[in-house]
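Order as written gives the chain letters A, B, C, D and E; numbering starts at 1 within each chain.
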């Protein structure tokens, strides 16, 4: 057993995995939303529930309006997903340790099988990016053939959220390990970044200064982290552009 | 003293206590019986012991274990590769389902016995690569006919081994006990 | 010891001259003693005599409970929480409103029986049990409500402080875990605190009953006889309870408030929430006690002797004070949020007042402040059971509104305007009505099964009270019996 | 990878139970008695639990993006972009992602069916989320089906046989075209709602008029500095959205010295206008005037003589007619004139008006001001796909009207329909459904039970795109000539058969010139015959000495393409000397509102049966699962309408009832309705959802024969009904509705 | 509290119960009993309300309840301490939530407080049970009149002097004196 004093906590400002999103080129086309749903076995909920704030998207594209016609402008599309905070407010409030900080991957984990559905984490998420399985939404045969075997299919009463496609992280790490090397930047990416036709989403190691995300962050130089003032240490950087 | 206890037990409250105790015992027993159910019926009473006895390596029939997440059940072509050269195949009652399956080109329906719950993502490759032997989890197949699992694959079983393997290597222990390593 | 053996003639038996002393006797139960045996039989009769109306109400409530609570809950467990009104962003809804509400109700019992006992407020004596019963039954409803709230209620036991096979214990960082510990502590201790003073009365009932009731009381009375030793242990224990349960009570609602105050949300992150919630709990609890007493006095036999205007007057005075305190805390919270809050907080405050549920915000203020302040100043009004019943009712509605505003309405507004959405209750309504009906049902059942008046406490009080003549003035004097 | 084993055999055997997809249970039973069926045979490289990736082509629209589909144990798990394909470079749009919901759709045609026209092909479930439903059973076998096709070919004169196909320029089109040229049957007609709303015919005609040759222009958005787009909604659905989105990202790329600007002229703000630096809410019908005015102002700023093309326009007049301030026009002209890489794009609703051809010509001519033809950031002709001789555009609606008339008049005795759903997609005024009464035999090859399949006598279902072989030409969007290749990534889920196989087999059965026209064993042999000539072409992405290896590479890489830029430079010698008619469009109908139908970017023409596409919020309104009408809030207030009020939209051709969305970025005199919903069949997720705006369209055409779909005026009538729209956005947070103060 | 006296140990002795209408005669009777040689631990008083020992001149009753309460609170505190300080480290690597320490500061106080109180109140309650031999259904009846406000004195005297004691009690105002079936005092 490891002695308590040997245990380190991750409180560093930079996490491990991170994302940069260029809102200037995001066209709001929803390809990321669809890709995410397909990759992560996200269920659709139907017209009534989706209109009542129960859609299960792990990533949503926000847009607002500025001004009045004819000077009206659409604000830059803002894909909003779990920010994988370094100091996540969702984590401490779960009584069952169902949402915890991965010390290995520096991600916010959602452990579905631990979740009892108090929904405290979702209340406490300032980004409102958690979705709850309000029902056992049906995906009748043969739609269920499409399920990704690498991702758990969630049932009613369980909270879920973006995982940064942790199954892809594991797969890449496993492949790299079997080939006796480290994971190379760009070797894999999340489903949303992979699909994005404008390449507005970039995913990679933020703790590696040579990775594409780090390079982009430096090149743009004016990235915004949402609600950073709350001290959540989010790992998603937004470029407003324009 | 004992008399007092008996007297007390005859009280209404005592009777309730006795009732609760009996119920508890009964449910425990029912649970135990349920827990140790018989292994499910398999299409072929496959004798692992014979095959292992011939010196066939596990990975010969279950090659996926070294390469990917699932060890896999051998294709019938693989079974047939040997068995169509064995005279016994024609006559053996045990092998009749295999023969029939190959001839009618309908796959056999095996019932997996070594399973983890659906919310656990298990990868054979990593475990084999880490030097684990099949029998560490699946038991000694040279003594078994139809496969049965020597233990329930619950998290305690996994974690005990992970802890042991990590030893004093803190970084490895963190990785091997991280919730996100298996649950996503 | 004059009071003990004198067995003065009851004032209501014959009172020709309305002297001051007579007036005092009429007013105060403690000065109007009856022989113990007579009080015993009055209490026994109140349990035994049941009108058909009782059974009609009982049957209706049973149907409501069966449908509203058990059937609806079953449906919700089978279908998922989708049948309720919770959504993004209002992940919490009426279930938690009800939880907080019922925990609030339960605070009155402890307040009356513990704090008033500690401070030797003699008017508490006849209704401590009635109030304590509310505590226990209210907590039962709170438990129901909080379990309804859970997405996978069949796994609720995972929150218990025990380890799974991997030595993973519950997360003690979570306010919900504290909540669980606090509510469990409170439920257990208030039940024990209800039971301890009940033992002598159960023993009394045991000696005066036959049939199944005899068995029932005998079982529950545990063989209490009234020996010196038994009394001594009981007295000691009750004193310990009276002192210890007060901080537990305060902690429970404070921790409930932390479920909200500890969250990173506009409108919730407030340090005043602890005392604000405690006072709110007492506010609704006192309202509920006075309602229950009015009903008990009006419907049960002989209760007009035990529960008198002085009791309504006393509780109503407390209500008035608590209402003022609540108003103070409300304003304190509002002022600070208004002055120092960020833009989201301002948006939320504005939403409270001017949003689609603004009527509820104003109703809350009227019911919780305006109504008690307008009515309870008047001694005559506050001594009239039906008036205080109505005031109590308004306060309870107002306090339920307060929790509704704090939970689903405040959750509608967050830092992500793209997700703002109003909450519309669904199956919460039958379930909420079901818990209310179940509370009443339990109370009705209890009123027929256990002595609602702690006779020995009343007798003890009557022993201690005496009318004394100071010159021309007759005054009440109270002796310390311990 | 070897091509020696037959993948089809392998796929056929992949009957693996859905064991891996068992469901997370908290309390439910663990999957204790799940059965697992091993493969009978398994290729050496494949292991259980390991994914296999197959390159193929997306069939959700006609663009032809390459996909790589991840499969696991015989099931397709995830569609990803094919990074090798020059068209999409590894990217996909939302519709491409959801293609698996087509493959595994709960309502597909499960086998060949003979049925009475109008009979349902599946039982409707009251709640589409309930399990209980039933697809119609197959009631014939494929031999009989093939015989039926053969009989149809033999029985009628070649001129009485017609094929109606989708927009896609694919191998099946080639097959039918070959059949047509060699047997004399009516040449195949291609049509799709997307091409209708894109006004492809107008664009091609304008190019022909200006440059002397027909072809689909290619606009190099990525290389430009300033893009003026007149109605071209290239980020959502126009021509090749994935490729144009990449172009847009290039325009905006911060690594460039200067961030490119986009100016969008349209009456209703689309996603493209939303992303634009400036949205000019131009009065519908005045695009030509504005384009010419900008051109004239720009040329005047530069000085020098004014060419003939721009001499007739009066900018002041254009400004007043279009509702754009003259200062704005001058500012825009200045921007256009001073930019080193200006580009003007005509498209979409701007062309779907009575003067659409004039608009297209005016905007294309505007490019002459920037002198960008054939230059980076300018206008090209799209490269012709590898085995393509000339650009063949899909039919315009005018041509479809003629075709429909032929059907109605009984000149066509047997109609084969594949890849298109004309009953749903064509404007109701064309009365296609009624015209089918004039056809003796309608044979549909529909994969899904769509409206047209319902009206057919026989439904001989084709495979889903992911189950089938083929290739698809990339008509535009890539600088290189691209032939995207398809291969089955999973074995067919139902008893379906490739239409090419059916036609080949039927042709053999029919004998005679039919048999000699299609002398192939099966579809794959036909494909090889078409792909084989590419082996000898230069600059290929790969080459191989023999056809088997070549085909293996073709499958492995998902097609074949050249590595060289083959875009054509338009001939623009006398472009300035043409006289351009600067007219305003004429609008049909009595109403006071311009009507702009647009294609829903998430649902498009065929996405309505895919539940995840239904649940994708519309990029501009965030509405899910329904159709809405966009009305400017000011207009709505005047009419006394609020969100979710159901209104009746009345045009000269028809009327629709649908809920209001108060859309802040639309002209007050314009309303807009998305196209994509309003199905009366097409599976449980599509049926009975929303309305179809083509019901409002009248039969008016522009000079190029494209439908003047944006050339209508309509009336709005209140109904007093309410129908809440399902939105992702918060009406409180985004619009301030219900916050206590109305914004 | 008098020790448990079983009848076997006291053969030749009889338990008598004298019922008095009021406190004063009962106090006098107790004095009389002492004078007759019955020690304090051979007698007991049964009442319907808590009567203090001083009122009847009886020695103070020994009760363990406060001690048990104190002990229980210590146990509860220990349980709380175990929960907050030990359980996070029982999982192989403590689970990190947010950036809070594995043993968080203020929440520790909350858990310690709640469990201390729980331990204390539970043990108080159980203390009453233990000290009073609850539940105990042996003397099936107790004197019904006691709950009507009478005072009963219960004492053990030699069998042979039963008459003498009965008379003495009656003389002091006992309403009735009878043999009682009581297992312990």
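Just so it is clear, a residue touches a chain if its C-beta (ideal position, glycine included) is under 8 Å from a C-beta of that chain, and two chains touch if they have at least 3 such contacts.
None of the values given here were measured: they were computed from a predicted structure.
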Chains shared as neighbours by chain C and chain D? A, B
Determine the set of chains touching chain D that also touch chain E. A, B, C
Which chain is most remote from chain D in terms of Cα centres? E
By CA centroids, point me to the most central chain in this structure. A
Dist(centroid_CA(chain A), centroid_CA(chain E)) in Å evaluates to 63
Note: chain E sits from chain B at a C-alpha centroid distance in Å of 57
If you average the CA atoms of chain B and of chain D, how far apart do the two points sit, in angstrom? 51
Rounded Å distance, chain A centre to chain B centre (Cα mean): 35
Where chain C touches two or more other chains at once, by residue number: 152, 155, 166, 168, 171, 173, 177, 218-219, 416-419, 421
For chain E, which residues are shared contacts with two or more other chains? 91-93, 95, 97-98, 100, 104, 135, 137-138
Two or more other chains touching the same residue: where does that happen in chain B? 12-13, 117-119, 159, 163, 173-174, 178-179
Provide the full list of chain pairs in touch. A-B, A-C, A-D, A-E, B-C, B-D, B-E, C-D, C-E
Residue numbers of chain D touching chain B in their complex, please. 13, 15, 17, 19, 22-25, 30-42, 47-50
List of chain B residues in touch with chain D within their complex: 40, 63-64, 67-77, 102, 105, 107-112, 115, 117-119, 124
Which stretch or stretches of chain A touch chain C in the complex? 49, 52-54, 60, 62, 64, 80, 89, 92-97, 114-120, 122-124, 126-128, 130-136, 156-159, 227, 230
If we count contacts the way the header does, which residues on chain A are in touch with chain D in the complex? 22, 24-25, 27-31, 33-35, 37-39, 44-48, 50-53, 55, 57, 60-65, 68-70, 72-74, 77, 112-113, 137-138, 140-149, 152-155, 157-158, 191, 194-200, 219-220, 239, 241-242
Given the complex, residues on chain E that touch chain C span 1-2, 21-24, 44-53, 55, 58, 61, 63-66, 69, 83-84, 87-88, 90-91, 95, 97-98, 100, 104, 107-108, 110-111, 113-115, 117-118, 120-122, 124-125, 127-129, 131-142, 144, 146-149, 154, 185
